[in-house]
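Below: a set of structures, written as structure tokens.
You will see two complexes here that share subunit A, one where it goes with subunit B and one where it goes with subunit C.
Right, the complex of A and B next:
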């Protein structure tokens, strides 16, 4: 038996992961959405090209305020604040999230403007494992300018960017307050222009009151 | 008193800077002159303005069209264009005479629609241009006539 299997077996046998406290585990909260009431959760996902940092806190009724920053190759930044709501929280969890923020992108296609995103996170915890799927729709708006050589603006036009976000993967709860995940990022930025998929690894932590 | 590091303020300043997307810098040009047909025919003339060169390095190519207008018949004309100065340079005028009125230059079966080119500049272009053009080549396209 390999050391990895021994470690997994010992971890899986250590705790009953179906108890309510473990249902509020930070890995489940961040990957399936919706923190437990009074729980603070933070996660950092590092990959290529996407890097994401998220902090959220659980309120009564399954409401979960969210603060996040996403970046693609450190050339496109998407800071945002929003709120999530657990819709289904039984053996399966389904959460809806909406965030408002900004899209900041440099050359060669500069874009700076407000953005809004609606998304769903869902999956089912299986022991320590948390297979998950995310889908979302994002809309950003900016203004293009035509200027003469003296800098005077001759014309301005609004430009909308519609993007889809998506991810699939699985998390692994390592302890009561820490977990990790690996996943594939499947965004479609600025539809219909093609986008390349990405991969990431993430780490999640939690603190605060448990119930 | 609490001091906020400059690095921490950069994202905030970007957020407060509002919307800004692609900025295209152009040079407005007013063009006037006279169009002449090599064989004296009347009829509508399609007048097109090109940047002489566009792109950089291995991707540099001639004759990037930046404007187009129709003139009723050979004679005096005026035209205004905006040159995207960061993408290319120079100004070339190309004109062809639509003798059969189909809107196409030398469609199949037509071989007598005259065209011509005038190279105003291959580098800097003044804001006001006077350029005369003679159409005396049958069925020659803009790129073919560019020297």
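Right, the complex of A and C next:
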């Protein structure tokens, strides 16, 4: 057995996710959605092209308010607030989230306008590992202006952008209140224009009550 | 150093280096010259065209298209594309079209070709805006650029530069070409870029006939063979071929029209090559890609062209002329010999 397999085996058998402290683990909360009641979680994932910062807190009944900022290549910004709700929370967890925010993109393809996104996060903790998958549907609206050479607006028109978000990867709990993940981002921005996949690594932390 | 170690290093170097220059065609090894490549920088492209180009790039490349452009438009980047495609040499275009596709100065082309003076040459151009007042100066600067050995021809694009093909006021450009004994490359056919002129007077090579007829000592290379990039149709291709049939100083360059974007089914290029062959002007084809566009485009266009030559039943000798020898003769470049694999 190779050292890598030995390490993976030992890590996989090292965590009991049924304990309250592990139920509210930040890696599980951020990757599978839905923080434990009274538990604050924050995460930062850095990759190419996406960088994401998220903070969320668990409320009674599996509800979880979310504040997040996403950026692609630091040229497209997607700040948003929303709420998540754990739908299934047994050995598998499935969470629905909806957020409202803004899409901000500069030249040469400017886009500035409100956005709404619905998404699902799901997966199952296995030992210290948290394999996960995310899918989402995002709609944004902007107003295009056609100007003459003097800058006077000749006409304006509304433009909608529909995008799909998606990610797969796995998290790894490093301790009771900290974890990391690595994953692939699979977005399809402004359908039907093509999009290239991306990669990210993330770190997650938590504080507050852990049940 | 032991022989084994030397052998190992040689194998390693050969595995890491570019492929030998040349392509295989019907059992023969042929050299390739790409006579249509672009250099330049993003900042000299008008905002409307920057948006046009960005919108056609996949996410997230569309967010920072200047990075992609700067990565593929330097002389060094062009050389990498040539190496990957096993192409021996290429011509870089100067462009003066500030209202449509932007500006790449003659000076920029001369700088870019220093990446490898034995493989890169340039086509000079000139600004034609405000021609009555500035034409003489522009002609003088063009003539000065053509004094450079590296500049082996003139590049014009009536549609991008906004002047009519049949306007004799601009025929002094062809007189400069005659004086320097260099050919003139002309963009023909409607162009998809913003702020280009799409009327036949600017795009249809039929409107060039008077100038071609009046300058028998100047070789005219009809770029894109009149292909309609707006409607993705063959456009004025028959006219371009007809001009080549009737005038010995007319050559045909089928760049870009056979690309994945312009010709997803792969029918344009073989159709036009077949038409040229049927008309008896297969020996007047000069290969160009209109790259680099994006990494890998130069290689891809060459592959598609080889397939089209085969489909159009070009002989090895005809393919040799089209891929390299016509460019060498027309632009007075060295004769390139393929390398053994």
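By definition in this document, the second predicted complex is superposed on the first by the 196 of 211 C-alpha atoms of A that agree within 3 Å, B and C clash if a C-alpha of one lies under 4 Å from a C-alpha of the other, contacts with A are read in each partner's own complex, and residues count from 1 in each chain.
In this section, contacts are C-beta pairs under 8 Å (C-beta built on N, C-alpha and C of every residue); 3 or more make two chains touch, one makes a residue touch a chain.
Here the structure is a predicted model, which is why all the values come from computation and not from measurement.
By the touch criterion defined above, A:146 lies against subunit B but remains apart from subunit C after alignment on the C-alpha atoms of chain A. When the shared chain is aligned, subunit B comes close enough to touch A:159, but subunit C does not.
By the document's definition of touching, neither partner reaches A:191: not subunit B, not subunit C. In the superposed pair of complexes, A:201 makes contact with neither subunit B nor subunit C.
In the superposition on chain A, contact of A:72 is made with subunit C only, not with subunit B.
By the document's definition of touching, both partners, subunit B and subunit C, reach A:109.
Applying the stated contact rule after C-alpha superposition, one finds that A:100 touches neither subunit B nor subunit C. Touched by subunit B in one complex and by subunit C in the other are residues 109 of subunit A.
Within the complex formed with subunit B, the subunit A residues making contact are 77, 79, 102, 104, 109-114, 141-149, 154, 159. Within the complex formed with subunit A, the residues of subunit B that make contact are 11, 14-15, 17-28, 82, 85.
Interface residues of subunit C, counted against subunit A in their complex, comprise 47, 50-51, 53-55, 58-65. Those residues of subunit A lying in contact with subunit C across their complex are 49, 72-73, 75-76, 105, 107-109, 187, 189-190, 193-196, 198.
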